[in-house]
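The first chain written gets the first letter, and so on, giving A, B, C and D; residue counts start at 1 in each chain.
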């Protein structure tokens, strides 16, 4: 297990940014393992992810933030500092379909993600047994129209109790309120079972079938208040033909859903994603 | 060059259809080379494509229609009879971007399609030289809002003169009127530079870029009166990332446009496509 | 659950085969649900898969074989008769890597395959717990060079005891002897972690990494005596780049392995695969 | 048209490399537009591509090499300096199949590559007309076993006369001698019509057909003395089934060949490819 620091940076583009950041690391003895940059030229925004080994780095872990903030201020940076040894506490939300839940738990058990999963929340009781078999706490919280606010309050309390940083909606078929979404801005990952922006909303496979598309898709994205409109993290597709019924599309689609959700969670937990833009046009930079 | 007959059939599903059709061919000495069936179970429609060698077939070419019509009537079939030696007369329409035109003409010159291309029509003059280098007649017909009706009339006259059966819109950036579309129902193939139904209408790459999608696409479809809403023949996709500008998306997209358009034309000219459904939900069966 | 009969047929190609088979079904009141044909023109072999509803079919289930055999003899057919309600008894063999095992068991629990899985055999003890959680019997049979023959004998006895028809090697890292393979000819499905025929044999990801390929793959195939040389059922690929280490290739490859193995098992258990050819060139027809 | 400088660097990995190179650019007033790095950890080699705007850069174009060489020496770098305004002089070699030639010439005419194409050489006369229509000089140089050495001499003289830097074998069906390859080491791009290392050598589609593969591929690579063994630049694949004859595989494969060859030429001419390794294991880093 590496002992690395990771900086995610975005700021107005100007000369000298890369040199300044790499010099910050190098001049204190850090060995840069990865450095990725990107410039959105339309909006003149600079993005950077830099990861370096803390072995031989002069600044103690606890003081890196303080030291970097001077540089950050000079360049008007928004930034996050992460450490590879700090696993992200992650909760999974799920409803009746368990394929994404299984897939994430299996990958988790194999050590594919840099996360802990202490908690699974569901509005259906079925997932309880799976949770148990992977040794994860399970909370059954049924949600109805009339008790939505209270149940979300309960969910939020549980998230606090378990110190959850990231929420993964592994086919959770409830729309979260603005209040919930705000608490976990850019930290709730959802999977939608269509190729967004096509077929946002309900019953996408049925609508894809009726439209007669020849390719179906799935999309993982951060959740924003507007349904299925958040910044896209990953998409994937599969061919279908006139021979595929809605049921067969769902079966093929489930494999896509698993794939795009697990990739999103991997990149998120490896701190490879930057979200930017205004509410009209929010996008991701994914340094994969 | 094979000497085959091809029947495309659709009718209400019932027992005995396949047996009846295959027996029609076999009992007259025809050797079946391909037979494909499909049933849309929601709507209870049966589809069939059957292709057989005319070598040794008892019924003369000109009388097959008459003979088959008795069977067709019994089963309430809609059907078309084609002969593999009859090449489809095809006209290409193009505007300023020539990549699809080139691609089709090159494949045509290689003999990949079972068609003749006697005519290219464009609202831009640029394609004239390409047309000439492939030995195809070229008509420059500029279209403005105010002269659209007359110019379409002129186009239709040319199509008649050249005995055109199929029209390919190889990136023709004009919307055809209902009158034109009706004349060539299910015989006008268009390519739209997005993954329909996402980004129907104008400037799809710009909109895909702004939405931050991770996969772009292209769609070939038959043209109906409603823009970008006709039955889909083929779709294909390519991955993009935050690094792809609109310009780069266009470049990647052009390769998709060529691919889906040429496949659609190939299947169309090989008589492998059946269109069905009402205006709300029109789809294709593609026996590839 | 449908009550269908399925015929898989191969024979020398000649006129009238499709008509004869469809007439066999139709004239006894069977409703054909699927009929697929293929002709290998190089070798003049005809292949057919026909599936029909037994509802209203005049011949009792137990006598279909007898009736069809007269037709089969006339055309010199090799053929198999299956019934959709008869689930294939399937055993899974696995070693230390459990991703394919999990994937199949989860899909099995969802009802995706028309099979029963009463038995899992492993040369490692790890899979025991997984087997138990899915309610499947588990046999730990360690295999060493010196005890291979006896242990295979033991395996074969277990297969007999559990009335196993199909064996799936879900990343079973032992080479089966000719004796074992002969017993289950065209009924052992293996997954090889490369894009065959590239990188047959040991350590394919390491060799792919060293060769600097830009795409990796996985292959499911029936097992023959010659290692990684059996008829290919399915292949799939994923892009890699210079950034992918061997470890990352393995992780991407595991997803391919799961995909190609589960598709092979699905097609096999749906009776959609025909194997043909001589030892030099054995291939599959997959009517998907 | 940008006025940028591009450095391609490889050297033993050590601390401070990125900081040193970015500082070299920044401290002289250069604005870094792209910076990519990679470390091969097995071999401890560092790779970098850095591209910066010469607008406002203090060092005159002609002196950059001299200035950088001091830094390069210190870190034991192998390096190349390129300028975005210097187009690569490129010759195309072709035999009887012209699809790759057409594809490259069309993309070239659209301005997709940062190259000039002054010369096409062929051992068949067919390509002459195409060359003429794109305004490129054409040399017909038939090659037989007995005149191979002289004809290659003639080719090399033409390459010198036209000041050719890069040679693209756009389906040129002759094996080049070691002498020719040495002259243009890592500057001859070939396309092989298989998914290497599968089906290296002659008639790959026929062999793929006989093996019954379910996916075919194409590979672009730099030419080395050993046939089809050079460092791979790009690969792509397409699905095939038992329905695809060798002829159909060739048709699908031609589209792959065009795709992988044009991508390789684009990356090569954009100076995005680094080749490394010893003769046993030569690979590419492609900064796309």
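In this text, contacts are C-beta pairs under 8 Å (C-beta built on N, C-alpha and C of every residue); 3 or more make two chains touch, one makes a residue touch a chain.
Predicted, not measured: the structure shown is a model, and the values here were computed from it.
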Set of chains adjacent to subunit A and to subunit D | B, C
Farthest CA centroid from subunit A: chain B
Any idea whether B-C or A-C has more C-beta pairs in contact?
-> B-C
How many angstrom between the C-alpha centroids of subunit B and subunit A?
-> 41
Taking each chain's mean CA coordinate, subunit A and subunit C are separated, in whole Å, by 37
Residues of subunit B touching at least two other chains | none
Show which residues of subunit B lie in contact with subunit C when the two form their complex.
-> 15-16, 18-20, 22-23, 25-27, 29-37, 39
Can you check the complex and tell me which residues of subunit B touch subunit D?
-> 99, 102, 106, 110, 112, 133, 251, 255, 259
In the complex, the residues of subunit C that touch subunit D are 38, 40-41, 195-199, 210-215, 217, 231-237, 241-243, 245, 277, 281-286, 288
